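Before anything else, here is the set of structures, which you'll find just below.
Two complexes are shown next, each including subunit A; its partner changes from subunit B in the first to subunit C in the second.
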Partner chain A sequence: MNQAEIRKLIPAVRVAINAKHRKFSNPKGPEGRLTMLRKTVTELVKLERVELNYQRGDEARGYAERLIAMAIKHGDRHIPTMEMANYWLTEKQLVHKLFKVLAVRYKDHTESYTKLHKAPNIYPGFYRERVVLELKGNPFPPLEKKNSSHNWIHNILLEEAHQDYIRKKLKEGERSN
Partner chain B sequence: MVMAVVAAAALRSSSTRLSRLLPGVCGEAWGHQARRGAVLRVLPFIPTQDPDVIKKMPEDFRAVYPEFLPGPKPEYRNRLREKLERQDMLARRSVMPIPEFYVGSIMAVTVADPNASGKNNRFVGICIQRGDAGLRAWFILRNVVDHQGVEIKYEMYSPLLQSIEVLRLEKRLDDELLYLRDALPIYSTFPLDMEPEVMQEGAPVPVNPIKVQLKPRPWHERWERKNLQGVMDLGLPERFYKKAKLHEKPWEKYDLMKEYRATIPEEEQADIFREISPHYPLMESTRRRGKRKRVLPSIS
Partner chain C sequence: MMARLVEHLCSELRLLAGAVDTLAWTLWPKGPPPMMAAAALPVPVQYNVEQISGSLLEDLKEEGFLWAVPKSRRSRERRLTRKFGLENKHKKMLPYRKLLTCDDCGHVHEPGRLCPNCYGENKKITQAMQEAMVTMQGLNPVEYEAVPVFKGEKVNTGDGFHEGKRIFEVPTERPKWFSNRLTVKSNVTTSSDTTVVKPTNLA
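And now, the complex of A and B:
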């Protein structure tokens, strides 16, 4: 039976997710899986930038996105949201951060709240894909270089030609006056 | 459905022709082809540019017309099919109005039946379950006829259905009433000549807080594990409750992504509503007329 749940109205997650959850085999079963992801989400909210294996980073990303979206939509006066924040953030001062810092920071965002970068593998190792998961608008220097085309030779020449053209126009204007 | 078949054929022959036929349908982010072994990724939903589209969606849209929301499993989703199905559903509704009903409502359904006298068959019963989406949406009616429990599953958009009436519009404490199969027959016995009941216009749908007495075990399911609200004390030995405790999953309510994967996102629901909104006033007027019909006998 494939039927949508209608009891809750949930805003769309703004990142690509897997159609099915990753199981992350755990001796404590599905409960242990959530406990494990909870650590990652707490770290992410606390440090704003964490390095992880891809599978774990990608899975935790969805949970972090949903938590922030809930905090923005319902605010801190909504009991289910507060319970959820209380579960997902194991350090209680981070609950304050979620509602007073992150919800305010992302209030008018139209894109995702987190970013996932590829990171170099650990050598020697099992060559698992590594990623860096970060909250957008964090205080750290950016990870990705801005690829500016400003210093390309044809852009410099074009810029000079443009300046020449403007100077010429100004001279012509002076002469006609 | 004829239209859907034609469109599917067109899809196979040339996708460019189809995209010209139905602009804005084909180039969407959700159109996935499930390949064996490949991990299916669900791309973020791209809502329409209208920022107020969510505000325009009525609060009760998803509760009154749940079958207009597609099934949430991405491997079975197909935007084009869903859109065509909604068109067919609206076309069917314009011929045979489908009233608002919930699990727990008492309904009467008339079906075309070549073997019945008068060529049709009317059945009255309580709706115990409602399922699936789109043209495949169905509900199960249950009644006890001659001391024998009878359940009939009706497909809401089947062309064999001639009319659906709601005799008593109400909800129950649970989402499914499958436990009525193991309850005393009195709780699912309704007279076949039941009159439609009076209801105040504009009043909210009442919730019937009745608690049902179950028969002693054996049962169809282990009801002590289902956290049922609408049953009386089950009267089982302590070991059953201990076992039920072991099977509880209290962490599931915190699984944000599990919850998300089971729903259709708000923005997408709003888009679906926007798509059918030209037909919405008509749907609402039929819904209101259905309620008024129930009010009139009391006045006269």
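And now, the complex of A and C:
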């Protein structure tokens, strides 16, 4: 009974999250870790697409998702949500963006709000796995193209050929009649 | 001053000699092997200071201690095994074959990862766009979605908005691959009498 109510208080995060957080050993301790993650989340909200190390990107993704989910659920007239936004976004013009742009953009989404792409491994390199973390619906060129599209040149040509064939058949039918 | 220093050194050396002697005795109770003879030489206490220090130090300098050395020859088989591992069990340096060809540009990429060539191009234009977007937004509250207008594209707006989205001008030309429709040339401006070229719907 109680559990169900508690569950309803917090919006579900739509990405897989590790059972245990990453510690990110930092000279300033857990506080330094959070400062670092705040920086990443702010960067993500500001630029909408950032390249990071995998561990950091994956960890920051959960926090960003949670922040957007809270903004969508409670809006900007909810004190705890506003406090969260104030904490996570170090540049305050982005608090407006969170509530006026991102919350509106993702209002009807049924999936996660961010996407994590694996960046190419450059040889020779340090072999730290790199990822590209982006907000969905950003204005930049897409990173991964769709598997197939009717806009592809061969599909357009095939479609035209098909139309030609049909026209030809129709004419022949008219002549024979 | 000098005399005191020499005296001090002398006593130190005497202690060292005693220690070496004890060590040699513990290691070889029946007497040290010939190579250790110099180090374990019993030093007469009554000797002149200069003589003692000179002889001991020079002995150490010339011969020193002999550390562990190989006792027997390492056979060829053994040497090769140590170098390259066992024939059947070791990991050989083989060419990496888990690669795919990119559908768009033909470069190879690892499965499940972005293509390095496509991503490189994308990154360049994305960075230019981000820079333009951030410059446009500045420190003012961000209240609208942003839409790019590339160099050579014309949008006639008085207030800097297009369909409710804030326009930001990118100083580079729109890349040909970044277009909604392949049949329309997106980065070509028509003649001056055509005033409006709508930016294509993006992403």
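Everything that follows uses one rule, which is that the second predicted complex is superposed on the first by the 136 of 177 C-alpha atoms of A that agree within 3 Å, B and C clash if a C-alpha of one lies under 4 Å from a C-alpha of the other, contacts with A are read in each partner's own complex, and residues count from 1 in each chain.
The rule is simple: contacts are C-beta pairs under 8 Å (C-beta built on N, C-alpha and C of every residue); 3 or more make two chains touch, one makes a residue touch a chain.
Bear in mind the structure is a predicted one, so any value in this text is a computation, not a measurement.
S.K.: In the overlay, answer first, second, both or neither for which of subunit B and subunit C A:79 touches.
M.R.: After superposing on A, A:79 lies clear of both subunit B and subunit C.
S.K.: Check the residue A:12 against both partner chains and state whether it touches subunit B (first), subunit C (second), both, or neither.
M.R.: first
S.K.: Of the partners subunit B and subunit C, which touch A:143 in the superposed model: first, second, both, neither?
M.R.: second
S.K.: So, A:21: does it touch subunit B (first), subunit C (second), both, or neither?
M.R.: In the superposition, A:21 contacts subunit B only.
S.K.: In the superposed arrangement, does A:122 touch subunit B (first), subunit C (second), both or neither?
M.R.: After superposition on chain A, A:122 lies in contact with subunit C alone.
S.K.: Is there a shared patch on subunit A that both subunit B and subunit C touch, and which residues make it up?
M.R.: No residue of subunit A touches both subunit B and subunit C.
S.K.: Quick check on the complex: what are the subunit A residues that touch subunit C?
M.R.: Subunit A reaches subunit C through residues 46-49, 51, 93-97, 100-101, 105, 117-122, 132, 137-145, 151-153, 156.
S.K.: Which residues, counting only subunit C, touch subunit A once they are in their complex?
M.R.: 103-104, 109-110, 112-116, 119, 122-123, 125-126, 129-130, 133-134, 137, 139-148, 175, 177-178, 180-183, 202-203
S.K.: For subunit B, which residues are in contact with subunit A within the complex?
M.R.: For subunit B paired with subunit A, touching residues are 32, 39-45, 47, 62-63, 66, 69-76, 131-133, 249, 251-252, 254-269.
S.K.: Write out the stretch or stretches of subunit A touching subunit B in their complex.
M.R.: 1-6, 8-21, 30-31, 34, 59, 62-63, 66-67, 70, 84, 87-88, 112
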